[in-house]
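Next up: the structures, one after another.
Each of the next two complexes has subunit A plus one other chain: subunit B in the first, subunit C in the second.
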Partner chain A sequence: MNITKSNEGQITILAIEGRLDTTNYNELENVFLEVFTAEKFQVILDLSGLEYVSSSGLRVMLMALKKISAAKGTFVLSNMRDSIHEIFEISGFTTIFKIEKDVNAALKHF
Partner chain B sequence: MVTFIHDNNPVSLALQGELNALPKTPGICMFIDIVGSTSEKYKNDVGVWGKKLNNTFNFISFLNDFPDHIVKGIGDEIMLFIPEEELKTKTSLNSCFALLEELYATLDNVKNFPVPDLFLSCKVAMHYCTEVYNITFLEGYNDYYGIDIDLTARLTKKAVENRIVISEIFYQKVLADIEALDTPQHAEVLSKISDKYIEDFKGVPHPTELRIIDV
Partner chain C sequence: MAALKLILKNNISELDHLARFLEETGDQMGFSMKLVMNLNLVLEELVTNIIFYGFKDKAPHEISIEFNIDDDKIAITITDDGIPFNPTLKDSPDSINKSIDERDIGGLGIHFVNALMSSMSYERKDNKNILYLIKTRD
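On to the complex of A and B.
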């Protein structure tokens, strides 16, 4: 898995590529920790390159959402492939997360 | 591969010999039980409880990784057996540690990030088995027998909603998996594992060592 971090003004964009599962969810957790330590709570996840997410990966996203919500920030997921969107639908999490079709649409939430 | 056991002669020495020569199949046995589904059936119609069961089974994404290893489903309880040799061939869920982490994450997601009225909770028992035989007495079925399968079923007696019960042997395998990792991993689940308990289970002639993980 690769995670690329970029900024659009005060907004942090994290692009994830590959599989997010038990072997590497710690990496995403650490990136979030870095972002939150820098007091940045406006975050977009660009999931165009995400091929698979397991429960462990989903859990990291849910914990990030909890942290960002507590800090009154904004967290948007974007560019999900159909297979990933299906996982979010099955888990009922499409009702919890803000989900947009691309990063440009996600930017409008801020 | 499953061996079909059948002999019409009740005193067959050949069968006894065949059984004694069977190879063992070491692996991980798991029972995943959905909690509260019976009371749900009394409270609601099939449209409501059926939907919750559907959602919960779907939510255990773990099951999609091992569709061929679901040995049986009895109502709201599923038994999985993953032979160790097959587990090693998996990309990510390839160790006792990985299996434990994934199940912990699943239970944690259901408990701590609930979407109201969509899911039911689970309880789980996990054991690393050595005394297991891949045999069936019913032609056309896959099954596993042995004292370690029975022991896993006994472990479920100590499980309650949002709890994973693991045998001490499974725990030791988890520790060995962590030891073998190239980079140290700090998983929350490890801090949730209890001290060792010793329990007597019906039919098991010796005390059983186990640990509990409350999500």
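On to the complex of A and C.
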């Protein structure tokens, strides 16, 4: 898995590529912790390169959503493939996450 | 009909091995990408459970995964020599439809198994856990 961090003004964009599973979910967790430690709670995930996510990866995203919500920030997921979207549906996550088709649409939430 | 067997050690890095095996098998057997992903999700959850909670000693153990692949279904048998554990007794979490604050972190894995497989049954035999899964093919 590759995680690339970039900024659009005050907004942090994390692009995740590859497989997010039990062997590497802590890498994403650590990136989120760095972002939150820097008091940044305006976050977009660009998931165009995400090929696979298991429950371990979903748990990290839920943790991030809870921290960002508690800090009154905004968290938007974007560019999700259909196969990944189905996993979010099965998890009941489509009702609690803001999900947009691309980063430009996600930026409109801020 | 094809019969395949994968043996994993009780080490979490073996999940990479599982993923590669499923991709290669999927290529050979003409599985859709969605089917490969769903099998991977289910097996990752079950194997992770066995590796993290199944063994009370530090010794190496083997987890065997057998596949019997037909045109209309895939039958999977997972065998391990860990402590007795029957995943069919675990329900999906009742928090799936709840709000962010009420949503808890656990239980998603077993929910995937229940949602993505057609059937699951369990047997304890010769000091081993044997889990039988069936996935009907679309």
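Going forward, the second predicted complex is superposed on the first by the 110 of 110 C-alpha atoms of A that agree within 3 Å, B and C clash if a C-alpha of one lies under 4 Å from a C-alpha of the other, contacts with A are read in each partner's own complex, and residues count from 1 in each chain.
FYI, contacts are C-beta pairs under 8 Å (C-beta built on N, C-alpha and C of every residue); 3 or more make two chains touch, one makes a residue touch a chain.
If you're wondering where the values come from, they're calculated on a predicted model, not measured in any experiment.
Superposition of the two structures on subunit A leads subunit B and subunit C into a clash.
Touch criterion met: A:26 reaches subunit B, while subunit C stays clear of it.
By the touch criterion defined above, A:48 reaches neither subunit B nor subunit C.
Once chain A of one complex is fitted onto chain A of the other, the partner contacts of A:95 extend to both subunit B and subunit C. When the two structures are aligned on the shared chain, A:87 is found in touch with subunit B and with subunit C. Looking at the shared chain after the overlay, A:69 reaches subunit C, while subunit B stays out of its contact range.
When both complexes are aligned on chain A by C-alpha atoms, subunit A residues 19, 21-23, 54-56, 58-59, 62, 66, 87, 90-92, 95-96 touch subunit B in the first and subunit C in the second. Against subunit C, the residues of subunit A that register as touching in their complex are 19, 21-23, 52, 54-56, 58-59, 62-63, 65-66, 69, 83, 86-87, 90-92, 95-96. Note for the complex: subunit C touches subunit A at residues 12-13, 15-16, 19, 33-34, 37, 40-41, 44-45, 48, 95-101, 103, 105, 108-109, 111-112, 115-116.
On the subunit A side of its complex with subunit B, the touching residues are 19, 21-23, 26, 54-56, 58-59, 62, 66, 87, 90-93, 95-96. Note for the complex: subunit B touches subunit A at residues 55, 58-59, 61-62, 91-93, 98, 101-103, 105-106, 108-109, 112-113, 115, 118-119, 185-187.
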